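Here the structure comes first, spelled out in structure tokens, and everything after it is commentary.
Which chain is which? They are A, B, C and D, in the order written, and residues in each are numbered from 1.
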Amino acid sequence: MVTVVTTPDLRLTLYRGMVRARYFEQRVYDLFLEGIVKGTTHLGLGQEAVAAGFAAAMHPGDMTFCTYRGHNHTLLRGAPMGALIGEMAGRSIGICGGKGGSMHLTDVPKGAMGSYAIVGAHLPIAAGAAWAAVVRKTGQVAVCFFGDGATNIGAFHEALNFAAIWRLPVVFVCENNLYMEYTPISAVIPVEHPAADRARSYGLPPLIVDGNDADAVHAMATDVIELARRGGGPSLVEAKTYRHKGHSRADPGTYRPQHEVEAWLAYDPLRIYRDRLLEAGIAASTLDQIERESMSEVDDATEQVRNASPPDPATLETDLWADGGSSWRN
Amino acid sequence: MVTVVTTPDLRLTLYRGMVRARYFEQRVYDLFLEGIVKGTTHLGLGQEAVAAGFAAAMHPGDMTFCTYRGHNHTLLRGAPMGALIGEMAGRSIGICGGKGGSMHLTDVPKGAMGSYAIVGAHLPIAAGAAWAAVVRKTGQVAVCFFGDGATNIGAFHEALNFAAIWRLPVVFVCENNLYMEYTPISAVIPVEHPAADRARSYGLPPLIVDGNDADAVHAMATDVIELARRGGGPSLVEAKTYRHKGHSRADPGTYRPQHEVEAWLAYDPLRIYRDRLLEAGIAASTLDQIERESMSEVDDATEQVRNASPPDPATLETDLWADGGSSWRN
Amino acid sequence: MAELTYRHAVARGIAQEMERDPTVVMIGEDVAAAGGVFKTTEGLQARFGPERVRDTPISEQAITGALMGAAMNGLRPIGELMFSDFLMVCWDIVANQIAKTRYMTGGQVSLPLVIRTANGGGTRFGGQHSQSLEAMVMAIPGLKVVAPANPRDVIGLMAAAVRDDDPVVVFEHKKLFAMKQDVPDGEIVDRLGVATVVIPGSDVTIAALAAMVPVAEEAARRLKESGVSAEVIDLRSLVPLDTQTLLGSVSRTGRLVTVEENPRLCGWGAEVASIVAEEILWDLDGPVVRITTPHIPLPSSAELEDLAIPSPERVVEAVLRLQ
Amino acid sequence: MAELTYRHAVARGIAQEMERDPTVVMIGEDVAAAGGVFKTTEGLQARFGPERVRDTPISEQAITGALMGAAMNGLRPIGELMFSDFLMVCWDIVANQIAKTRYMTGGQVSLPLVIRTANGGGTRFGGQHSQSLEAMVMAIPGLKVVAPANPRDVIGLMAAAVRDDDPVVVFEHKKLFAMKQDVPDGEIVDRLGVATVVIPGSDVTIAALAAMVPVAEEAARRLKESGVSAEVIDLRSLVPLDTQTLLGSVSRTGRLVTVEENPRLCGWGAEVASIVAEEILWDLDGPVVRITTPHIPLPSSAELEDLAIPSPERVVEAVLRLQ
């Protein structure tokens, strides 16, 4: 069922997406070590092909739901980089005004419908957004990203069943990076594939894709998104990938065997895609330019953040309610 | 894998179990209409073969976890009938002192470890009890009964996965009676068998048994319980059955097609088993005697309840804590 | 004007809003074909069709998650949780997601949704089907809470909840389903956050909610016979809370008794009592008394349950002790 | 006597009990091989073996359900919920099952289990990883609640929790993990339900818990400079609650200020304030003041979060206004 990607434009879009996500998150890491990004941060470094492949297959109006490890998804739907880093740094320019932080990046106008920090919680929410698309006949599709560890929580099961019986236009994407925080997923499931081996429970076919191969991801994404848009119901996709860094903050990730880390670093989605594009005859200078542009976007965003003020103290008690305030009494 | 049942003793045990459960619950229904049993009551009339088959396969010390529709399971593990009806009637002789009611029948000394009224909640609890059996090397097995509707709740999924990876000695038994309260299970799942079609998600084989055939249930029960006891891990069994009455209280069950109800009434587990025993050469008088004895047990229990006092008002504030009281301050 | 039960008022309130606004939809377990286990949603599916009134699996996280996602994307969904006790099964979705998302996204996300649920005791259902959980919801920033005490208010507060752009939990009290009242014809819409003085008085303020309102009223009638003039306030809405009506009354009467069905600790009575002790302490002529159930789960036995839930006798006795 | 961090006190407290009683076991996400995400359980698996200290899937209902089932069947299990916010994911198991089962079975079932969890804000983690949920647990009949404010108490209260025959939720405060203190060698065991007067005083009683204890202490020190003698009480345990120490103090000082990290409505401060307003109203020389976070989820921005959480300045200001 895989659609072959052909257009060079699309391939450059995929490459640009991955490069932007990579540079952006590397900078976030540096800024965390510098103490500018505060609290915590969960990087998707190494997982960029999933974000780029899906983002390129989505239409404007489609809805992305992701986890705390969703900086890249939010960025690639179009959220401005300065506002994303600003949010992680708790500055006034933050996309959520500094109230959400790294785990709650959201850009509703761009269809980035939130990053959720409770494992599994956003799966039923994504299903609900897809349900509204059906009722309102908007033609939107919801795409919901989550980790391998999320497949063992109750909300996963409820959401999959619910989406399946109502045939909702939602695509559930498990980014299987082999680890939860520090514990390997293989230690806590009795099957091989945390998502794909559960698909039949919901009347769905098991779908596995190489999550480090942007073309393969994009082809899979196109198929399942179009299936959903046509009324064919939900899909559950398992994308095999790996995070280059630890789980969060400065976790060195020492619980992972050296050889495993090395093998995956060698199978870097950016590196393999760059080689593939070169082989396909795309000029190195074109790719260099994408990289330069991405780096200057990151630098600009960083500058914005460095210059940004903290949030106005008055905003502490705004936006609990639709009236803009947080009053609970008269 | 089905073990053939041979001994006539066992068959009489199964028959007696079903008859006792049947007469007992019919009486509960009458007492509900009379206003003696209060609140609500969820009868397992028609589902007795599951209770009898499993109870006969369990050892003393094994642990039963069931739902609000678990009067029969609690009875057949050995709980005294008067104390069960007394509990439903809110009398002082109630097995929980009148504090639990029909949905929480429990007899710990008999291994009836509770009836749970929140759909699905007892599955992880049963897994936990089985885990303690492993750690303490007691050789106990936990058997956990639940309905078809429970297979769509998060706790089902979490418990099955947890029990599977830790290879816990717990048997999960789905009594698939085709309906939740008023909605058919087929309307809310995308697969045919609510439990069996989910077993593979947990690395378990799909097991289906005719829940109205006491011999078949007993054979299946023996196999999965012994597997668990030997360290072979959990099982998930789907027993197909039907409730003769509505969901609870006086629900007439009109949401079920007439022909379906009639077909299942004709396939009454007691009737078919009685016929089978007669065919196998067991004397009608033997069966008649079981029935008479059961009826007089029910009559005795009813008398106890009619004569019982309400709970001592002082018990309102006892037994919240292990010290016997409910004080939260000094 | 026609006589209406509390139960039927639920369906009428929902129908009023579904009629008016095509984005209002309703889901829940057994709510559609069967009309709800408490028969509060009868006729709605027939009237508004199977797409707008729909049965769900037993998946409270999926139900509440669906409400949230749908509310983000242009609907005004209503979801039923059959018993309020089941809020606990989906508490993360309700309290961590629905409640916090507008604030955490800096106001980007609106969640105009309603969770309706059957609350409270007195039905001999035991500890897992009898809880009064309005204070648990009140304690979560980002959730609004109403609990109507009569058929008219069911309609008015339901309409207010549906029209509100924030998430509202509507507690329908099981003991009140059979209550009848003459209710005006035509549209009924209330504002959230307005308490009602149901019996005016001058000696003591009795604040109550839902099924405790009739208890407080009965107590006030009996107190009158003893020469005590009790003012009974039906709070109706816990968030927003009508502290003006409440504090005004207590300032006048100098005494406050709260009547709650929930267990002792950290209920709405504690909140109300604390507000009084902080803001109008010097207006008090006597201690603030909270009447609650003991700090226990509700027992199922009729005799024990009746002992546990506040009764007019207990209210009368508490007030008389104050005089 | 040796210097110990709050973080290491957790492991020491658990080890003390596991050493003593072979039925004590511990489970949770990343608690075993990795030693916990807050490094509070380091070394325990190596010392007590993989059967007694075990990693779980991300399945909080399975974790807490397992604790309950195991406690029914002869173990004294300890379970970690990585963040207290995750109590909401398994709230049904905790609040409907674990809390109610002894009572509902007429005392047949004992549940000697401990749920440990990292609580509270100040770490810039945002609204779903910063909550102070001790009052949510306090409100449920059948659950005991402790929240230690220093390393010594971590050990003593952990031991008391493990030895208690009822379910106890132990709130470990994230902001305190790095706190150091000289702690005596050898076994440390406390009783539940005993508050400590950490600073004696005569003008006002300040009641605090966990990370708010150092805040209250700092406020008391500053107040001393302004000539106000504040008594600071570390409640330590919310259920059981040491009302004797509390009421005794307030009766003496005539003034009460509670310092809570949780949002405004229905917190433990409301309970404490209400008890005072009911039982010793005439001893009060001024209004009862509750200091809480505003009624909002905690924001992640450092500046906003610091504004939200009660500070010594706010406590000082409130007390001075009372004088």
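By definition in this document, a residue touches a chain if its C-beta (ideal position, glycine included) is under 8 Å from a C-beta of that chain, and two chains touch if they have at least 3 such contacts.
Predicted model only: the values in this text are computed from it and were never measured.
> Once you count every C-beta pair in contact for both, which comes out on top, B-D or B-C?
B-D
> Please name the chain that ends up farthest from chain D once chain centres are defined by their CA atoms averaged.
B
> Taking each chain's centre as its mean C-alpha position, how far apart are chain C and chain D in Å?
Here the centre of chain D sits 30 Å away from the centre of chain C.
> Taking each chain's centre as the mean position of its Cα atoms, how many Å separate chain A from chain B?
Centres of chain A and chain B (C-alpha means) sit 45 Å apart.
> Chain B to chain D: how many Å between their CA centres?
39
> Between chain B and chain C, what is the gap in Å from one C-alpha centre to the other?
Centres of chain B and chain C (C-alpha means) sit 35 Å apart.
> Where in chain A do residues touch at least two different other chains?
Only 94, 98-100, 104, 116, 118, 121, 152-155, 158, 161-162, 165, 187-189, 320, 326, 328 qualify.
> Residues touching two or more other chains, restricted to chain C: which are they?
Answer for chain C, listing residues that touch two or more other chains: 56-57, 59-62, 85-86, 88-89, 92, 96, 103-104, 126-128, 141-142, 239, 264-265, 295-297, 299.
> Which chain A residues qualify as touching chain C in the complex?
Within the complex, chain A contacts chain C at residues 63, 94-100, 104, 106-108, 113-114, 116, 118, 121-133, 135-136, 138, 140, 142, 154-155, 158-159, 161-162, 165, 318-324, 326-330.
> In their shared complex, at which residues does chain B touch chain A?
152-158, 161-162, 164-165, 187-191, 197-198, 200-204
> Which of the residues in chain C end up touching chain B in this complex?
Per the touch definition, chain C meets chain B at residues 29-30, 33-34, 37, 55-62, 85-86, 88-89, 123-129, 264-265, 294-297, 299-304, 307-308.
> Under the stated contact criterion, what part of chain D meets chain B in this complex?
Touching chain B from chain D are residues 23, 25, 51-52, 56-57, 59-62, 64-75, 77, 92-93, 96-97, 101-110, 112, 141-142, 164-166, 193, 239-244.
> Provide the residue numbers of chain A that touch chain D in the complex, in ascending order.
38-40, 90-91, 94, 98-104, 116-121, 149-150, 152-154, 180-183, 187-189, 255, 310-311, 313, 315-317, 320, 326, 328
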